[in-house]
Amino acid sequence: MGTQWWTGHQLAELAERLVPGSVARADEVAAYLKPESLVETMRALRDSEEGDFVYLANLCAADYWTRFEVVYHIMSLEKNHLAVAKVEVFDRENPVVPSVVPVWYGAWMQECEAYDLFGIRFEGHPKLYRIFLWDGFPGWPLRKDWLSMPGGLQPGLNEFSGTARREPPPVRVVE
Amino acid sequence: MTEIRSEPFVVNIGPQHPSTHGVFRVKVTVDGERIVDAEMVMGYLHRSIEKLAEERTYTQNIPFTDRTDYLSSMSNNLGYCLAVEKLAGIEVPPRGNAIRVIMAELQRLASHCMAIGAFANDTGAWQTPVMWTFREREKILDLFEMTSGARLTCNYMRIGGVAFDLPKEFEPACRKLLATFPSFIDELHGLLSENEIFIARTRGIAVITPEQAINASLSGPMLRGSGVAWDIRKADPYCGYEQYDFDIPVGYNGDSYDRFIVRLEEMRQSVRIIEQALDGLPGGPYRTEVPLALRPPKGEAYARVEGPRGELGYYVVSDGGPAPFRFHIRPPSFINLSLLKEMTVGGTVADAIVALGSVDIVVGEIDR
Amino acid sequence: MIEGAGPVAAFWGLSALTLLAAGGVVVSRNLFHAVLFLIVVFLGIAGFFLLLSADFLAMAQVIIYVGAIAVLILFAIVLTPRASRDNAETRMAPVALVAGVAVAGLLIPAILDAEWRTLSSAPALPVSDLGRELLGVWVLPFQLASVLLTAALVGAVVLVRSPREEREEIDEEERR
Amino acid sequence: MSGAPFLATEHWWDLRDLSNISREILEFLDRVGPDWLAYVVSPLIGFVAAFLLFVLPSQLFVGVYGERRLIGRMQSRLGPNRVGKFGLLQPIADAIKLIQKEAITPRGADKWVMWTAPVVFVAPAVLVWAVIPFGPNMVIADIPVGLVYFLAITALPVLAAFMAGWSGNNKYSLFGAMRVVAMAISYEVALVLGLLGVVLFTSTMSLQAIVEWQREHDIWLVFLQPLAFVIYFISASAELNRTPTDIAEAESEIVAGYLTEYSGMKWGLFYGMDIGYALAAAAFGSTVFLGGWSLFGLEEWVPPWLILVAKTHLFYFVFIWTRGTLPRLRIDQLMALAWKYMLPLAAINLLVVAAERLWWHEAGLGDGIVYLFAAANIALALLLVVGWARVLGYRPERVPTRPRLVKHVGGYVAPGAETGGGR
Amino acid sequence: MSVTLEHFLTVSTLLFAIGLFVALSKRNAVAVLMGVELMLNASNLALVAFARLAETSLAITGHVFVVFVITVAAAEVAVALALAVAVYRNRETVDVDKVTSLRA
């Protein structure tokens, strides 16, 4: 009865068995995968008999000041279990994570959203663009250090100088 | 003959168009009547709710969830409250759970009314189905008003239960509604499901195979229409859904018509669930008292409910403070749109409208 | 001979309308406008037919010329791109003008000069007579005309079929 | 059809036949005025009478008000009920509102074409009424080719719609224009073929004579020609852009079709004349198929024009009804309906009628045989419609209208693995 | 005041001349087709005028001819427009000056 929620250790154990050396660390909640072998691991998890993670329930990013986390909630419909995988990125200037679109097409829009709001570039995404905000929007609004717009500007169209900026502004790291 | 260079031209469907269900825009490239490319443009309604929620307490965030999917505020409230309860380890009393189930299912009825009406409008039925479904939806909104004081953005669920107990008048009014609702569904069945023109317009349009549907993370009626039996109320029961007896409707080949009949059947099942919940409505408290400025322990929680449009998930991260550290909504209609291009390219403009209508999007939820 | 104030006024009005509209076909720079002028010519000719008590032909003129032919021409104009919608003349325009003036200049004096044997009273030409004539004396040409029409339609369909449609059809057959 | 007047009197005050009063006026004018005056005044009287008695009230109060109230009832809402008693003045309020509105002409539009299109649209709507007989003596121009006249005149608004769509410089408008032309050309063919069956039976193209024929034989042509009637109804509703076939104005797809760029009274003319054409099509249909102003002898006591008005509005009610209930077909489905379905059926119908007609006249059978023909034709029509649909692959029993039901979750449900449901 | 056969024939001739000019001078294939239609209409007018006004025992024949002309015109338009569209698709032009592939 009910979905069986895997602990991070369970998932880490399976992932390590399928793709050796793919897990960075694991805790009670989630298994932290290494970005280098992410797509390979995810594909193995999807195709494995035991895991059968055919369904990507949720993909989102989170900002923990020093690092970004990309969270994958993956699920099996037939076996009815759910596991949480995470990828950590420490580069705030230019965060890059491999895209899992080749594994789950459902990641397409959610990766665009994470890119739009966090600035995390998903390498291998067929068309990564700012899905909600316009091109040239200054900064990545869901980052913790995005408190107001650069230059002290407040959100609001009449406050904008009019010249749209193509490049994201330099990020102010608040530690 | 040499290859003919046809003249494709771009037509904007939306953001201001009679059938885009809000400020949503599809840029379609057409060659004659046939669509060769489609591109979604969204974000017109982006309010950055996820960012705003990081600066308010957990209880203050409940009204935000009303305003994401404004057609099913109860389900959104419920999903968020479940996530926070999971995070803070709060138990909900049985009466609260039963009331939540009743409200969520009523909300599903109301939302499907809207979805079916708008979908019939998209196929070109001149306002009649939408007026009929709105008539029934009004009765449900009356019940919401009776209980929560608001019709659309109810803000009714609370962390640990619901905001108020059911008023005395609720049960007779709800039973009266439930007594007439199945006949209304039969009426819709006669008006639309067995209508030859409606079948001709929707059958075989925007077909999604089960493999595609699963791979693209579709959920709700979109997934079930493709023949995949998946319903979070059954798979991962919350609020005591395991006590109720109901079936999962699944479609045949995943076309627009299947998604429509799945929604229609879901309304029948919802009526069944509400009847059972009303019959077995337990007494006792309806809410666990939680401090107003709730400080859940450090950690994260992902809770999901079967919203009218599909898997409605809330991912909440707490850093021990009074406000969520990260607040993410997994909006079903946003992800259900993933396959829109595959559904529309190759069909005509009229088919694209039907395909978009069968997804049942709410732009407030897509853009948040 | 047609007499009476009404018919004569109608004749002069129709003549002016038709010829001016024909002039409009020549001078208007926009091909779409030219077709609209052409429609006015067609309607004027239908008016002439009514004046000459050929009711059925007038109606047929409106149905076929205005309802079908003109609309088809408009359709073809919309199908071709904007750039080729002008109504300009070629370099041969002066020659064509000479030809037109020559035809008019030769024929009109001849017409005015000829001794036409005209009727004093108009013959009655009901539609049923036309039908009997068509299916009696002229039945063979009638059949030929229908064959021609069919052949023309088939030819038109074959001509405008695009390779994509052909490919689709071949694919479909192969699938079967 | 002048014939012997069968109405009781010829007094001018006998309003059962309105031609009495107009004849009085014309004779009076002939006595006092110059000889051309009567010629000028008589068509004016015809049009003014037709407009005052029929078109204007029908258009305003049945077309606009009645249609909105009726559709309101079908949609379980009230409809307009604020302006005047029961909202009866709503159409007038709408007209005033439309006149006040700004008539916008987009910058890239072809101004002259855009401004003439409504005029081209309105003129035929008035001209159509010239051949509709309102009573034994009440027809403005009883021309021998009235039926063809109707078809010819109704070919003109298509042109106006095309002009409107082309001139707006809008992609939706252009879509609408292309669709309206494609529809009109396709449905005209089936329509004419269907009406030929009627002409074969009555051997006349004068509408008055067709009504007389139906009166003499005591049968409506709808019973003799059920297929032709159905084809007429569908084609008329297709050419009028009424809802099951309103793809030219398909609101949910191409906003408002060829009317997208129109506003104010220019739009109002299109809107009003849409109803005018619908009424004209209803009047024509009731004249040709439903016995026109005759009602099995009752027309000798009841004013015949009232009978025609009643029949027209009944016919029009069916238009409203379909509009209120049916979804819209797609353009390729409509084309298929016209070419693959209605055209063959119309051709078969024509053959059958020709054979019947030939047999009737060659064998010298009496008039009573029409009842036999009627029974045969109705049975044949039903058979043909059902049979031809089957030939074209119509299998309603293969369409499940209820989903399958399963008890437990778990991935894809193969056909046959479900636990309940189905059709 | 009266209108005679000559009047109709004159109008018909003028119309024919205009049609000839249009057919010979226009650059656009569709416009050429329109000129041909004008000429056909002019001849129709003459035929009907003869049938109504000239002294002949075969008056109805004029009407029969008009029916044939209208039929042939419809066929011609269908083919000509199809040609114009096909030529446009292949060569991206409907300019008759530029469609000269038959020239050696």
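The letters A, B, C, D and E name the chains in turn, as written, and every chain counts its residues from 1.
Rule of thumb we're sticking to: a contact is a pair of C-beta atoms (placed from the backbone, for glycine too) under 8 Å apart; a residue touches a chain by one contact, two chains touch by 3 or more.
These numbers were taken from a predicted model, which means no experiment stands behind them.
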>> For the interfaces C-D and A-D, which has the higher count of C-beta pairs in contact?
In response: C-D
> Based on CA centres, what chain would you say lies at the far end from subunit D?
Replying inline: A
> So which chain is farthest from subunit C, going by the mean of the CA atoms in each chain?
Replying inline: A
> If you average the CA atoms of subunit D and of subunit E, how far apart do the two points sit, in angstrom?
Replying inline: 34
>> Distance between subunit B and subunit C based on Cα centroids, please, to the nearest Å.
In response: 59
> Roughly how many whole angstrom separate the Cα centroids of subunit A and subunit C?
Replying inline: 69
>> So the centre of each chain is just the mean of its C-alpha atoms; given that, what is the distance between subunit A and subunit E in Å?
In response: 71
>> By the touch rule stated above, which residues of subunit E touch at least two different other chains?
In response: 89, 92
>> Can you pull out the residues of subunit C that are in contact with at least two other chains?
In response: 5, 56, 60, 68, 72, 75, 81, 162
>> Can you pull out the residues of subunit A that are in contact with at least two other chains?
In response: 77, 80
> Which part of subunit A faces subunit B closely enough to touch in the complex?
Replying inline: 1-3, 29, 54-58, 60, 62-63, 71, 73, 77, 80, 82, 84, 104-110, 113, 117, 131-134, 141-142
> What residues on subunit A touch subunit D, complex-wise?
Replying inline: 77-78, 80
>> List the residues on subunit D that touch subunit B in their complex, please.
In response: 71, 74-77, 171-172, 175, 243-244, 246-247, 250-255, 323-333, 396, 399-415, 418-421
> Can you list the subunit C residues touching subunit E in their complex?
Replying inline: 1-5, 7-8, 11, 15, 18-19, 22-23, 25-26, 31, 34-35, 38, 41-42, 45, 48-49, 52-54, 56-57, 60-61, 64-65, 68-69, 72-73, 75-77, 79-81, 84, 86-93, 95-97, 99-101, 103-104, 107-108, 111-112, 116-119, 122-123, 125, 129-130, 133-134, 137-138, 141-142, 145-146, 148-149, 151-153, 155-157, 159-160, 162
>> Taking the touch rule as given, give the residues of subunit B at its contact with subunit A in the complex, in rising order.
In response: 42-43, 46, 48, 50-51, 212, 214-218, 228, 230, 235-237, 242, 299-300, 302, 304, 311, 313, 315, 317, 325-326, 328, 330, 334-335, 337-339, 367
